[in-house]
Every structure is written in C-alpha cells, then in structure tokens.
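Next come the structures, one after another.
Next come two complexes built around chain A: one with chain B, the other with chain C.
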Partner chain A sequence: MLRLPRLRYLRPATAAEAAARLAELGTRAMFVAGGTDLFPNLKRRQFEPDTLVQVPPLKGLRRADGHFEIGATVTLAEAAAHAGLRAALPGFAEAAGLVSSPPLRNAGTLGGNLCVDTRCNYYNMTYEWRKSIGFCLKKDGDICLVAPSSPRCWAVSSSDTAPAAMVLGASVVLAGPDGERELPVAALYRDDGIEYLAKQPHEVVTAIRLPAPKGLLTGYVKLRRRGSIDFPLAGAAVALTLDGPIVTGCRVALAAVASHPLEVPEAGAFLVGKRLTDETISAAAELAAKPARPLDNADLTHFWRKKMVRVIVERAIRRAATPSVT
Partner chain B sequence: MRSELDRPVQRELTRLRVNGEEFELYLPVHKTLLEVLREDLKLTGTKHGCELGECGTCTVLVDGEPQLSCLLLPLQAEGRELTTVEGLAEGAALHPLQVAFAELGAAQCGYCTPGILLAAKALLVRDPRPSRDGIKEALAGNLCRCTGYVKIIEAVELASQRMAEA
Partner chain C sequence: MPKVDGAPKVTGQAVYADDIDLPRMLHCKILRAQLPHARILSVDASAARRIPGVKAVITGQDLPIRFGILPVTQDEAALEGEKVRYVGDPVAAVAAVDEETAAAACDAIKVEYQELKPVMSIEEALKEAADEPIQAYTKRSDNVHRMVSYEFGDLAAGFARADHVREDVFFFQGSTHLPMEQHSAVATYAGGRVTLWSSTQVVHYVHRALSKVLELPMSRIRVIGAAHGGGFGGKTDPFAHEIVVAKLAMLTGRPVKCTLTREEVFYAHRGRHPVLMWVKTGVTRDGRITAMHFRSALDGGAYGSYGAASIFYTGTLQTVTYDIPAYKFEGARVFTNKAPCGPKRGHGTPQPRFAVELHLEKIAREIGLEPVELKRRNFVKPFSRAVNWLRITSCGLEECTEKVLAASGYADRQRQPGRGLGFAISAYMSGAGTAIYWNDMPHSEVQLKVDRTGVTLFCGAMDIGQGSDSVLAQIAAEELGLEPKDIHLVTADTDTTPIDLGSYSSRVTFMAGNAAVEAARRMRALLVAAVAQKMGVADLEEIDVADGRIGEFSFEEASVLAEEKFGALASAGSYKPPRIGGPFKGSGVGPSPAYSYSACVVEVTADARSGIVTVERVWIAHDIGRAINPLLVEGQVEGSVYMALGEALMEEQVYRQGLHKWPSMLEYKSPTFLETPEMHTFLVETDDPEGPYGAKEAGQGPLLPVIPAVNLAVQDALGIWIDEIPVTPEKVLRALEAKAKGEPPRFGPKVFPSVPYPEPIRVEPPDPGDLRVGDELEAAFPSSPRVR
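Coming up: the complex of A and B.
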C-alpha cells in the first residue's frame, strides 16, 4: 500500500493568504491544487513537506479584449471542453485535452499543469526503488543517474499546456502575500530539472492570460506511448498568422525535450515571409528539432524520440494551418 | 522518511455525502478518499489499484464526474455529491449498465468493473447515445487487463440503447 505521509492540510480562503502561509512555512509546505501529480509524488516520497496548502478555488474562463483569462484552478477538462476556447485557440484547448486521462483531467488544474514537476525514470519511483538503486540528485542523492558526470539534474519538463501557452505569448498572474504581478509564461521556467520554476516558491499562480488575436492559427501535437494517458515524450505547439498564403508570424515551442518548455525562434523566423509548402514546413521542422535533446530518462528510446520531434513539429504546423486536417 | 511517524496526526470533522447519505467522520486529513470509503465506510466496491492515478479502478463520481478517489483528500470532497458503485442500483433494481455488463460478460475478474461502470454512467448522463469513439474516450482512464475492452464497449452500447428505448 502506498499511503500518503502524515501531513497538515490548510485551507486558506484567498490566494494571498495561501501565499502568506507558504512564505511563513518555507520548504516545509507545498501548494496543492488538483493533486493529480502531487499526491502520487508524495506517496513515492519524492517530496517530504509536512504541510499542504490548498490553492483556493480560482475559477472562471472568460474572453475580454482579445484575450482569454482563465482561473488557475479551472480543470483541464473544463478548458478542453470550452467551446469559445476551442474555436479561438484550438491548439491550447487540445493541449489541455491531451494531458493524462479523463478522470485526471476532471481533477487536474491548468495552474497545476503549468507548474507540474519535472519527470525522470530515476525519480518518479517509490522510495524503496530509489533507495535500492542509489538516490539521485533531484531527491536525496548527489549524482544525476542519467548523466553521472553532469553537475545538474536533467529531469524533463512534462507540461503540455506550457508550450501551447508560450507560443501565444501568454502570461500568468502570480499572487504573493503583498500583491500580484504578471509574468510571461516564457519567463516562468528555468533550465534546471530541480529548480525548474522561476517564480518565488510562495507565489500562487492565480490565472493565465492567453492572447487570442483574430486570425491566429494554433496546433498542438503530442507524442506518447498510449494515447489514453501518458505524459508527453515530446510535444509540439505552433501558433501562426497568414496573409493569404504567406506566413506573417510563427512561433514553435516543444514539450518534454528539455528541463523547460523549449521555444525555438529559428523555426518560426524561417517560415515568416514564405508560403507553407511541403519543403518549407519540412525545413522549419528540421530547425525546430535541432535544439531538442531528449535523454535516456523517459519512456521509449531517446534516439527515436529525437527523430520524432521533427515529425510532430511538421504535423503541428499542418494542423495549425488546416484545422480540419489531422 | 523516519521522522514522518513523529508528526502529530491532524484529525478533522469531515462531512461527506456518499450515495445520497450524509456521513460525519473524524478523519486524519492525509487519509485518501479511497481509504476512507473502504476502511471507514466499508464501501469496498471501490477498488484499490495502483494508488498513483494510472489504473482508474478507484474511480468514483464527484458531482457526477469521474475522479480518482486515491488522489483525493476527504476534505477536498466536502460539499460534493459522491457516488460509488454501491449507489448505482436503485434498491434491488440494478442499473441498466450493470445488467448489460453481466449479460455480455463484460466483467471477467471484475476488478476494474466498478470504476468502469461509474465512468460509463457519467458518459451516458452527458451523452445518452455515445459513439464507439466517445465510449473509448470516456473509458480511456480505466484499465482492464482481462476483456480486451470489446465486451465492455458493447455492454455500454447495449445499456445506452436500452435506456433510450425505456
């Protein structure tokens, strides 16, 4: 049996109060929203807080002034099913709908998926498993078991919604004990498997703001072993604008190929001013796949995952450009 | 790890509404809803599987939507309407899904069945005549290692047809 550890559970009424509790308790406490990733990790003792602070309900999904404002505890299922969001930003809505499985999307939140812990085959294991093989840098140990000579942790960013938000130029609203600030999603992450978030640990993500200008085309394609549940082995998010047949803007970001969601500006820049043809799409996908560095710490082989990055970027560009074609 | 057991246990008076019945329990806050259903309420129809959110056998309905009871704290379920497999039948009359599953052999070892019945019930409320793809999508979070799923999908179709005709 995998029981949760003994914990204190606090239910502050507001996000500011939740931030204040965490600021006070420091590393002894963690936020919990939907709990779909946190609880399994706690059962495996990947974290050892003695207190959980519930993120209070931050609901609401509305369109205003050319953007969507979505409360951080809106569930992935709610975002994926929202007709307005699906029509305006299908890439983002589909990314939310491709996270995990239906019952987990009914509990898991958008804020939670943006802040989801990085993953690694040597880390997402029970305490006993990790002890038997020797603990890793990310928890309880002092070397990285994937790259033993490396001074850093290479756990993989596994959010589907983060790259989908990034290509929109989205931002998150963060609440601290003394007020709110807005931070671009692109600035929310750090290239480190352990310290993967750039926000203060006590800051609560309260909302996400997604620009949705008219005519923006979006797509997200996810690679995983089982279409019904798995974390991404790679993901490609694309947002583009066209003037007739000519690309006037394009952003590409990748999931699960680094410790942070990876935007590849070269790929988007290459397409600007060009027509979308088999050749240009393929060349852009080639550029996008270049900086992807999958390591041998997730499902299937990393050589294959690396090759597939080009394929899914190509599919994502096509999906964005022709929403009806899959 | 060791210091965990030195921590005091926070117990809270917790009000749960399960299958239409109100319960007031004094519970450790870190006990999962799955453990509370099985160990405190003796509702052992909800099964204990992977406990990590991967298998779906502990599925219950929370305000009508399938969620995993192994990943919920009882206090998170306060004020919500919970349905377990024990709440499917009305008195002695089985739910049409239960009848169809029995008739078509959609349960073999039966361990995944309670979770699948509940996920299917939520689907039929939302979409009384689902397509085959709709059924597959709705049951995507529930693993079955015996049937190969075909009989399960056929049983959901049969129940849906009978409920539409009734």
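Coming up: the complex of A and C.
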C-alpha cells in the first residue's frame, strides 16, 4: 500500500507558536489541520516535508456585528450544518457542504479548504506514475505537461469555499510569529499553480470573517461527476442584493477554472440596475464564463467544462435570487 | 437468508490475505515498467541489494518460464527479462524487512531500455508494426493477436429474403473491475513445500501456474484462497505477484507478502475489452430476423489472458438471445501497449449486447414497428438449438419482459422531453461447458464428513462474495434436514478440499451446487439406511429427513447409528457438464449447460443543457431458474445493475501519452450510493432441468441489458443516439448539436476498420429441435472434433 513517509509531528499550543515553528523550519515543515488533502498528497510524495506542524484548535462560529467569525479549524461539516450560517449565507454553507464526502467533511477544516493545494491530473498521481510520464513543474520536473510551451504551472484551484467567501468580500485572519493581520480572501490567492497562496508560508489562517449584511442573497453551484467525493470541475458563487426587482449589487466568482478562484466583476456589474430575467441572467453568465480557462488536466473534457461554466453561473444566480426571478 | 460468512466479514473477523502477518515475514515490492513498449537492455540491481534490510532481489532471469491462463497463450512472465509491453509490466521484485525498504530498493534498481514505438489503439494495431510487434509469437508483422470467422447457415440467402437490411457501427470503451480489496498474496516455504494464501478467484489455476513456473510438482504446492474482497473477473488469472512471493519465499526461507497498491490493481487489470463492432441485420417486413453479420475488433492490451475466449464471447451468445436463422461472426483481438484485458463480469458479452439492442431498436423504428415488439418476435424459444449449435434449455425471456414492462408502465409512458425509458434483454451462461485446459475430469467436487463434530463440507469453491459458501451450506442442509449453520465449511484449499475450477463464468452454484446435491444425497442415504434398520422399516421412503431429525432419531443419534453400521462416514459428489458444442472446431466457447435470461427497463432524466444523464429507476427481471437463496440472487442482480450503470455512464480505462490516464479511485469515476437509483428486482423461476433444484446463474447476466437500456432511455428522452459507451455529457451535447444542425442525431464511431479476417468456417445449422448432448450428439457426428 501507499504509506506516509516518516515524519516529525509537532503540536504547538497556539497559532503564533505554530507560525514560529514553521518560520524556523522553513520548507522542511508544513501545516496540517484536517489532513484530508495533505495526507494523500504525502503518500504520493507531492510534498516531502520532514515535519508536520498541527494547527491548534481554532474553533467557534459566531455572528457579530453583521458578520460571521469562524475559527479556521471549524470543520466543513460543522459549517455546513450551522443553522445561522445556512439561513444568512446559504451559498457559503452549501459550498462547505459540497466539499468531498461526509467523512472527509467531518475531518476537513474551513481553513484547510481555503488553502487546499491546486490540482492537476498530471500531478495528483503517485511517484511511480509521475516518474513514468516525466515529472512536471509543480513537483520534481521542469515542464508543464498540460501546456508544455508555457513557462508556468496551470494546476487548478479546487476550493469550493474560496469563491463563496470571495463574493461576500470575506477576509481571513493570519497569524505570524509577530502578530496577526487581516487579509481579504480575494488577496489570498495568486494566479500560479505552484505559488498559489499570497500569504507568507509561515502565516497560519486562524479565522474567516464573512460579512453577512441583511438582505444579501447567496448561491453556490458545483459541477462534478458524482454527487459526492469529487473536487469541483467548476463552481459558481454568487452574492446579490436587490431593491425590489432591481439588482443593486452582484458579485460572481468561479471555482476550478483557473489556478486561483476567479472573480468576474464584469458579470456582477452588468446586472446592477437591471431586473433578473432569462435574458439578463444569460448575458451575465456569458460574461462570467469568458475568462474561464479550463485545461485538459481534470475530469471530462475542457471543452465541455468551458461550456458548463455559463450553465452553472446561470443556475447560481437563480439559486441566489429565488424566489425573486421574474 | 443472510450469508453464512456475512457476520465475520462485517465484524472484522474474516482474514483477508493482507491481514496475514507471519513471524519473520518479509514484504515484497515489484518494480514495474515505466515505458509502454521497450526492450530491456540491462537490469542492474546491485545498489538495491546493498540497501540494509533487503533480503532478496529477483529479475526476469530468476523466473524465465512463461505462463498464462489459457494453454494457447502462455505469454506472460512473472518478471519480464527481455522487453516490457505496458506501463506496469513487472520487471524486478524485492523482498525486504518492510515495505518502505522494498520500495526504496525498487527505486534503486537501474533498468536500461531501448524505447519502441507504442501502439495505443485498435486502428494502429491493425497496421504494420513500426519497430516490432508487441508479441513475437503471433508471427505476424502487425499486432493482430487472433482472428476467428464462422458462418452458420446460409447468410446470403438470409439477407436475400430480408425486406430490410441495416448496418451500424458501435464502440464500447474498456473499464476495470474496481474490487474493494486490492490483490494480495502471502507465501511460505517450509519442508520443501510452498504454501500460498491469495486473494484469487481461481485457486486451482494459480496452483497450476505456480507448479509450471516454479518447476515444482503440484503435490509440493498448497494454495489457499483467503477471505475475499471482490473479484468480478479481475482475479481470475494467475498473477505475477503470486509467483513472485512464492519464489522469494523459496529463496529467503521466510514468509513473503505482496499487496498491490490501487495503482497496481489498475495495471493488473484483465478488465472489459474496448470493442469496436459492426453489425448488419436483415429483417422481414414483420420484423423477423433473417440473417445477421457481426464483426468485432477487441483491444486486448499487451498479453493474451482470456483474450482468445473473449473474442468468441463477443460473437457466440447473440444466438441464444434472439433467434437468428443465419449468422456470420468475424472477430479479432489486437495487442496494444496497455494493461491486459480479460474477463470482467459478462466477459465479452456486454459489448455485443449493447450493440445488438441498439441496432434492433434502430431497425424497428425504420420499419415502423414498436421496438419491444420486434425484439419479442425474435426471442429464442425454450428447449431449442441455436444456429451455432448452442443448446437452450429453460428460457424465461418472455416472462422477464412482461414483468418489467408492466412494472415500469413502459407502453403507456408519458412522453416528455428530458425523460425517457429504455428496454433491453440478455442471456448469459451458467458456467462454461468446458474447462480452461483440456481434461475429462469433473469441474467441481464436494466431499462430506459426518462424525461427532457434525457435518463438514469440503469443496474447492472460492467464495468471492457471490455467496458460494452459503449456497453449499444451504444445499447440504436441505438434503440432510439441517440448518445452514449446522454445516461446517472447508473451502478453497488445495490440500484439504477436492477441486472446483474456480469462481468464473457464473459456474459455482450450478456446478459445485450439483456436486453438493450428489454428495449430500449419498450421505443422506447412509443415514437413512441406518435409521431404517434400527426402526425396522423396510421402505426407505418412509423415513422423513427434516427439521434436524431422521425418522424418529435426532440427526446426531442418526449419525451415531450410521457410523456404527458403516464405519467412518464420508461421501462425495461431483459434476461435469454435458458436452454440448456442435460438430465444428472452436465450438467449445459458448456452450453452457443452461442460460440465464434478463430483461430490464431503465428510466433516465437527461438534461439537454448540460448533457448530464441521471438514472432515476431501474426495473429488472432475471430468470434464475430457481432461487436457492433469493436474498443473494437479488444482491447479485442489484450489484450487476450498479456495475452496469458505472460502465454505461462514467467508467473508462483510458490512456494518455502511453500511460493509464487515471489509475486512482478518485480520478477513475465509478458511481457512489448517490448515483445508485431506485431498483425494482423481479426473480423469474423456470426450473432448469440441469441446474441444482432448477437453479441457474445470477452473477453476470443481469449486468448485460442495463447498459443498452440506458442508451435507449437517453434516446427516448432526447431523440439522440449515443452509439458508444460510456454516455458522457459531452457526447450527449455533441449529438444534440448534430441534431440541431440537421445532421444525423448521433454520436459514435463512423467506420469499422478493415480487418484481415480469415475465410469463415462454414457450419451447417442443426435441427432446432435436436437437443442431444454428450456421447449421443457426438455419435451422430462422428467426424466432429472433440469439444474443447
């Protein structure tokens, strides 16, 4: 069977201490929270640290001053089941509830899903398979196998909760050895399959702040082959505000169509000042789909996935707006 | 009635091969080829041997003798020494103190290769090989493995009297078995004997292969089937790792274990062949088939495996489903640089079943006949002989059809876009009529012992989850008036149990069941005789055997009486199927003592926007002959439906850049509980005269009609033809786009390649009423070759 490499496992008491240990150990160490993505990757040697630093328990899911403050190690299952969150921000709660499968949502954390490694079906394979096909840029090699003429890595951002957080204007709290800072989720990512996080490697996500203004309508639609287990082939998150039938605000962000969660401001802006009709929804979805660049490195064909982006954006807008669609 | 081995399996008491942990046991890892096609120039294992903890490293020269499941294709080596033929081909093996050390040692073995051009498709394989053919023994310049061609009856005359003739081309993509348990084997060598525990479906054939490759007589080898976590045909060959651990145990004198990784299971494969098919059928105005011409081209992967039989299976069973008065079949299998294909549930028959069901539906629509009606007009009749000499006994096709049509409301369905129903039927063998290697011995044997411990039943049958242990216990209990829990079972151990050929071709209930009936009746006769004597009853018929009593004695008292009278109480039974094949060469593949029948209706919703197809409900009726254990039969039927839906909609064993594209359980998509629809299962009982208590098979046949029924339901929902498996969302959208443009509303292969089939063997059809078998049949055709 595939076995984990031998590892040193550290369990610091606080987030600051965890950050300090990582700062000190550098690339030899990695954070682990739920481990649902990290452990399989370690077994396949996607990562070869000699030390794992456990993110200490950062629990708590509270509503305060028009926003939710959620500890980074709150599990995806806890977030998905939270009545207050489901009522106020159904798009976000549903995104959390659509990650992987029930057992993995019981272990996987929100912080972990926001930071989940980018994926590519040339990369998420065993050491032996990767050795056979030739190692790639993201691990052990110097070429991108999905786009060989490209100088960069095109691994796919595969977090469901990231775009759902992004459309809320959410932020994360990061702890470093010398204190905390707050960073918008939109600024947490970089458009690169390898260096996909913009935070310092030793900074640990301790909390997520989700604005939840009254009247905000949210929706998330996930495209995948099966009703469980699978990472997104595409995802569409929408947040809307309405004044009567007129859209007063709209944000649209996509999962799994680029190396980072992709917000498409044009799509949201297009709807502002308009009614939600079949025509406006369809036009907004078309705008949203434009920058999506799926490649041949995930399930099914990228042609089909590209076509589906429009479909799921439409569905996400309707899902958010129901019953306000005319 | 629950399975006798159910509780141990769900409580963790069952001992699977990987659970076996013996003192001083070593762990084995196999170094596998990382190129699809290459000559091996050198293997340098010196660095691996120097790693502390490494106890032995072996390469091709240590195991040079070739083996293979079929006598005609002994083309595999446990470790390849000269060339590799697919990514995953075994090259060297290490035994070390733990798995990590063995893996590190494999990584340290240096193999120098000369790359050869890989062949990755049927079309490429039919061309002249660029460098050299994948297998030299075919003595051909292309990569064709084998070809067959038969013509039964007068094809030209059949087509001449048809009012309508149609041709179609279909493609069925390959898929793998995906058993929950990976293959695993543990070997010991002590006292000059090898003992192997393995997760296998074919204890006996592994025994034979070990004997051949290790050059040990079978008497010095013991093979034990460990508790089994699923096979579906994927553990029906002898495998490299089984031979390798035995060899390493012999070299080191220590127990050696090898458990394959999930990735290696994808390489071991032996799964569904990708098959291209061309079919041409003539029908009369009223829908009666007059002639059918069927061509197949199978992508076999790199080795023979069961392939020589798989070719036949794509052709032979057409005639036991529909009555075809003239039939020509041409089949070919090619070698490609992929993991070898073999027998997956339904072995070679789901592909043609899919093609023929869609093809007949197209014909029916062209001639303006309701498709179900056209199919029904052509159903085979019970107790008849098909044009290719296959003997049909009990046949519940019509009853199965009635059940599913009525339950699904098929005829009165509301037609609405995006929702559809599809109907299809099938037939399958209850055990292959011939053994894999020529011999005239029984295919299955059972021994019974009765003593102060109670009743113990010994049989070589391997329970792979299909429930053969439960069936054996039930049969013995039935005959002896006991409960299944009263029967102790010793199974699948070549030292202690008499032979059963293995859990393949849906043969175990039928054959081991018949052997168990015979053994148990013989034991009952002894018990009854002793009781009758004691009671002073002359007529043995007067002695009741039921509810734990024999006559006026408890079973235990009766067994004491019998042991006093006869001495040690032992009985045996065996079963050998009648020789059924017709008087022509190659008639040995396809004959079965009985065929099961199934009919199925599938309901789907199909989203025209995304092309996503969701199966809502399945109604399936299966002619089981007689259900010895209805719960187990329903389980087999529903498991078949589940597996079929995976093949119909998502599973694909596909390759990219010479490698398996996704040898992982996450990336290779197979359905979950959420994709499993509501199922309505109906068992139809036809009491087959040859089966034990009238029983026939259940493990494979019910898979067959489900796949075409899905395609036909998609057709019903969206008005498009997906002439290819699997039905992916993109294919649906492409067919809808074609439809919107006014092109044929279809997705599928356009042409069938040119295959150099040989001249057909022409066979006179039999008298459809001639049901003779065995010596009687052979005596009537003295020139007939011995059925092989």
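In the analysis below, the second predicted complex is superposed on the first by the 322 of 326 C-alpha atoms of A that agree within 3 Å, B and C clash if a C-alpha of one lies under 4 Å from a C-alpha of the other, contacts with A are read in each partner's own complex, and residues count from 1 in each chain.
Here is the rule we use: a contact is a pair of C-beta atoms (placed from the backbone, for glycine too) under 8 Å apart; a residue touches a chain by one contact, two chains touch by 3 or more.
Here the structure is a predicted model, which means the values were calculated and not measured.
Asks: Under the stated touch criterion, which partner chain does A:87 make contact with: chain B (first), chain C (second), both, or neither?
Replies: neither
Asks: Quick check for you: in the superposed arrangement, does A:229 touch first (chain B), second (chain C), both or neither?
Replies: In the superposed model, A:229 contacts both chain B and chain C.
Asks: State whether A:129 touches chain B only (first), chain C only (second), both chains, or neither.
Replies: second
Asks: Looking at A:300 after the superposition, I want to know if it touches chain B, chain C, both of them or none. Which is it: first, second, both, neither?
Replies: A:300 contacts chain C only, not chain B.
Asks: Looking at the overlay, what does A:198 touch: chain B (first), chain C (second), both, or neither?
Replies: Neither chain B nor chain C is touched by A:198.
Asks: Touching A:1 in the superposition: chain B (first), chain C (second), both, neither?
Replies: In the superposition, A:1 touches chain B and chain C alike.
Asks: Classify the contacts of A:106 with the two partner chains as first (chain B alone), second (chain C alone), both, or neither.
Replies: Once the two structures are laid over each other on A, A:106 reaches chain B alone.
Asks: Have a look at where A:311 lands relative to chain B and chain C in the superposition and call it first, second, both or neither.
Replies: In the superposed model, A:311 contacts chain C only, not chain B.
Asks: What is the shared patch of chain A, the residues that chain B and chain C both contact?
Replies: 1-3, 6, 101, 227-229
Asks: Which residues of chain A touch chain C once you look at their complex with the stated criterion?
Replies: 1-3, 6, 101, 121, 124-126, 128-129, 131-133, 225-230, 299-301, 303-304, 307-308, 311
Asks: Using the touch rule from the top, collect the residues of chain A that touch chain B in their complex.
Replies: 1-9, 11, 35-36, 39-40, 43-45, 48, 50, 54, 77, 100-104, 106-107, 127, 227-229
Asks: Can you list the residues on chain B that touch chain A in the complex?
Replies: Residues 1, 4-5, 7-10, 12, 28-32, 35, 48, 51-54, 56, 59, 62, 65-68, 70-73, 75-76, 119, 137-138, 140-142.
Asks: Over in the complex, which chain C residues touch chain A? Could you list them?
Replies: Counting only chain C, the residues touching chain A are 32, 34-35, 87, 99-100, 182, 259, 261-263, 609-611, 650, 657, 659-664, 666-667, 669, 671-675, 728-730, 733.
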